[in-house]
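Just so it is clear, A, B and C label the chains in written order, and each chain counts residues from 1 on its own.
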Amino acid sequence: MNALEVSGVRKQFGGLVAVDDVHLQVRKGSVTAVIGPNGAGKTTFFNLITGVYQPDQGDIRLEGRSIVGLRPDQVTMLGIARTFQNIRLFADLPVLDNVLIAMHGRLSAGIPGILLGRRKVRHEERQALGEAYWLLEYMGLAPYANEIARNLPYGTQRRLEMVRALATHPKLLLLDEPAAGMSPRETRELTEMIHRIREDFDLTVVLIEHDMKLVMNISEHILVLDYGRPIAEGTPEEIRNNPRVIEAYLGRAAVSGA
Amino acid sequence: MIPQLLHSLPQVLVDGVTLGAVYATVALGYTMVYGILELINFAHGEIFMSGAFIGTAILIGLNSAGWLGHLPKLLVLLLTLAVAMGLTGLLGMGIERVAYRPLRNAPRLIPLISAIGVSFVLQDVVRFIAEWRTGNYIVTGVTLYGAELNLGSLTVKTNTLIVLGAAVLMMAGLDLFVRRTRWGTAMRAVAQDKDTAALMSINVNRVIALTFFMGSALGGATGVLFAQQYGTIDPYIGFILGLKAFTAAVLGGIGNIRGAMFGGFVLGILEMFASAELGPLTGGVLGAEYKDVFAFLILIAVLLFKPEGLFGQAVKEKV
Amino acid sequence: MKQGMTRLRTRLRRPRTQAVLLAAYTVLSAAGLAFAGPPIVWFLLLLASLLLLYYTDLPGAVKWVWAGVVVAVLLPVCASTGSSFESFMEVATQMGIYVAMALGLNVVVGFAGLLDLGFIAFFALGAYTYAIFFSDQANHFIPGHHFPLPADLFWLCLPAGLLVAALFGVLLGLPVLRVKGDYLAIVTLGFGEIIRIIFNNLDKPVNITNGAIGISSVEAPRFFGVSLSFPHQFYYLVLALLALVLYAVRRLEHSRIGRAWKAVREDEIAAQAMGVPLTRTKLVAFAVGASFSGLMGVVFAAKQAFIDPTSFTMLESITILVMVILGGMGSLPGVVVGACLVTLLNIQLMPELTNWLNTLTTAGVIQFPSALSPSKMQRLIFGIILILFAVFRPQGMIPSKTRRHDPAALAKLAAEWQAQTGGTFRAGVRPADGQDATARAPGHGAVTRAQGQDGAKEGATL
């Protein structure tokens, strides 16, 4: 069974068709990249998968189960986590709380339990704190646990977004431009990190990225979007040599000149 | 019941359209500011109220100086409108400068809070001046056009025609301004995307100030007309009226100028209908005292079922 | 010299020194309240000791006990020596009621970031719940002469008022919380007015609220046969309820639910992406905030023995908002201080100032227009506070502090967690439906502690 199956998805905003008839099969445990020029509809595609937008047409299935029509929090609870292109941490809250919030759906404390200080609630809270801190240790963020998220350096904020995503216990991790604004060295480390978390947490990864080196290094499968439409799909090797892709990226002249 | 309904319908329509004209012009101020800043300018109702007091003050002043009888009425009206518009326009600009501009990048809650603050300050300052000068904060003004036309069961005040005419002229003027002039184009550009507009060498701050000036001037002028139409004003008229004008703006699709006008008229007619017919229709169980409730229910219904309004476009949030 | 300063500072950091100094201060101001005039100044000074207490480094439990002794023993006892004991207790009771309401609004505005401008409506609901059934008002629409209910049932009416308000919070919230944030402000503003209009007109067709005339001769509550009629009795009632409210708010703030509120406040889209259901989270905030307000409404009606719609205007809603903004959104000590200050300003300072100015005017010392009298200037003062704080200090007088966790304790918890779960969770071992949170036991992953630390090192260089 595929981890994610997207079939014939379309989304229109007013007169603009942002995503048009996109199909994608994501094999379990694989790393897939979605690439394309700016405004190609990549982030909209993520927003469709995560339930931020509802598709006008088509179906999206997570491990065989359709997730169309679900709210984003429901989608998250089914096992899709994401990071955001323009980092969306809970900026004025401590790092630890950022991670704990991502466990919201897995915790069960209700108002009576909290007010009465029931043992189950206290136990659950201790477990959550332990796991949150463990995850921070895992990503090397433990020293920042009490810091306000806003005050972290940029790259650290990106890593915190990943910790937060992992804390939801995802099966499928969507990364929206994880390498944006990173130095080549940071990008290399990011590549390793993605590989490691995929192994350790049994994840399937789909990422949007502009850094071609990262994309070619990391992904087994690539989908290219242009003006919302899929123009190519295949292995990195196939994509590298696809004239339509080169055209979309560099313009027609580059193709005829080459 | 039906014949009685039909009998009173013309009067309801005339009164409703007049009230609607007031809502519509005030709604323009809300919609313009929201369109450009995505901010509910809570103080707009108070700007309307200030306009009503400024106009009334001018007329009372002219009257006690004994000039009112000697000048042509139309000239007096135009003069009053012009002064009130100028002053309320500047007031609006000042409010933007002091209470909103420093907060443009603050969390969304914060400018709303300072907007409430501004509206409270205005209410109290006007209350103070009115009470100080006249001994009472409820003020009855000078009516310029007091005559009434009787057409069978239908009574139309001359003033009603003036209110309608002036409101329609102002709305048409604004519509032309926004669509046809360079400044209007700049306004639309800033409403679309402030950053890009700034790159296109549009002075965003100046456009926003102009928007506040125009919206507030329209609100102030409506205040003058309102005082003419209904005679008695107090510093708190802006609150409920502002709420309803905002409802009108939402009904027409917030940010949409023509929508706001349409929403204003719809709301005015519905409200007049409710206040005239709710009693008879429900056998006296509910009466005109529930007309404000009625307007509010419309607001909730629109927000629930068609939050983008009748003419607005669904806005997508940037993720 | 400089060395002396440093030594003094270290000395001051010691909890024991702090405790001694604070105790001295408290005793001094308490003595002042008991034996010297003017009482209001000493009263304020005594209250300020609680604020100082907040800033000391004493252990939490000590702070609570200390504060309890000050408000439950010291303050009433010292005030009782003066002639104006009951009027003092009346002021303190009012303060308590407002503090509880401000704490409720703080849940909505401060924690969840939802601007509620019709908060007083829930207070009105609580107040009418008590007033209607504990006077003969309910006889107008419920046949049989059952009302007023026996005053001993007051204690049942407290949770009833709380539930009614919470229920209406949910009913209003259900449609309204779906719309975008800024609309919420205006809809709640409208709602506050609507509730008032309805209470004002619900004397026909069936007389439920007695309309604008209001409901009078409401029963005084009875507690074990003792009828509560003096302000100091209500003071203790309010104090007890306030303690409950404070406890509840603190518990909730640092729980799963409180974190979800703050997440929604910070970023709705990110919160949803982290599995926080928006509407439900907001509804809970709305209902919790409303319930405190409804609870205090019951007390208010019982204390006043008379209510009419004029007590529930928009000005009241904004008054509570001013308390929250002034003190600091999301900050419990801030909100308490803000509520105390604004209440004092409203019912003590401004009337006294007005009286004083009037005396001067009658004595012919100054010509003071009555239009300018301070007791009429609430709106101006509140308006200025709102603008100034929004522009210059949105975090309020006492900004909220974040709770710091001890890293060593966290590391221990993390180790425990790892020992229990075998290191990490694995997506693959979860039940396929993925919805049963309890069934989703973490799997036995292969990641070891060493690897985790390895990751830490790597991360640090990244």
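In this section, contacts are C-beta pairs under 8 Å (C-beta built on N, C-alpha and C of every residue); 3 or more make two chains touch, one makes a residue touch a chain.
It should be emphasised that the depicted structure is a prediction, and the values quoted were computed from it without experimental measurement.
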| item | value |
| --- | --- |
| Highest C-beta pair count, chain pair | A-C |
| Chain centroid nearest the full-protein CA centroid | C |
| Centroid-based (C-alpha) most distant chain relative to chain C | A |
| Chain B-chain C separation of Cα centroids, rounded to whole Å | 36 |
| Length of the line joining the C-alpha centres of chain A and chain C, rounded to whole Å | 39 |
| Distance from chain B to chain A - Cα centre to Cα centre, in angstrom | 47 |
| Junction residues of chain C, two or more chains touched | 269 |
| Multi-chain contact residues (two or more partners), chain B | 319 |
| Per-residue multi-chain contacts in chain A, two or more chains | 52, 84 |
| In the complex, chain A residues that touch chain C | 50, 52, 63, 71-74, 76-79, 81-82, 84, 88-94, 96-97, 100-111, 114-115, 117, 121, 125-131, 133-134, 137-143, 145-146, 148, 155, 159, 164, 167-171, 186, 189-190, 192-193, 196, 200-203 |
| Residues of chain C that touch chain B when the two form their complex | 109, 113, 115, 117, 175-176, 178-183, 185-187, 189-191, 193-194, 197-198, 200-201, 204-205, 269, 314, 318, 321, 325, 329, 369-372, 376-380, 382-391, 394 |
| Interface residues, chain C side, partner chain A - complex | 247-248, 251-252, 255-257, 259-260, 262-263, 266-267, 269-278, 284, 288, 402-405, 407, 410-411, 413-418, 420-421, 424-428, 430, 432, 434-435, 437-438, 440, 445-447, 451-453, 455-462 |
| Contact set on chain B toward chain C in their complex | 38-40, 42, 98-99, 102-103, 106-114, 116-125, 127-128, 131-132, 137, 239-240, 243, 246, 250, 284-285, 287, 289-290, 292-293, 296, 299-300, 303-304, 307, 317, 319 |
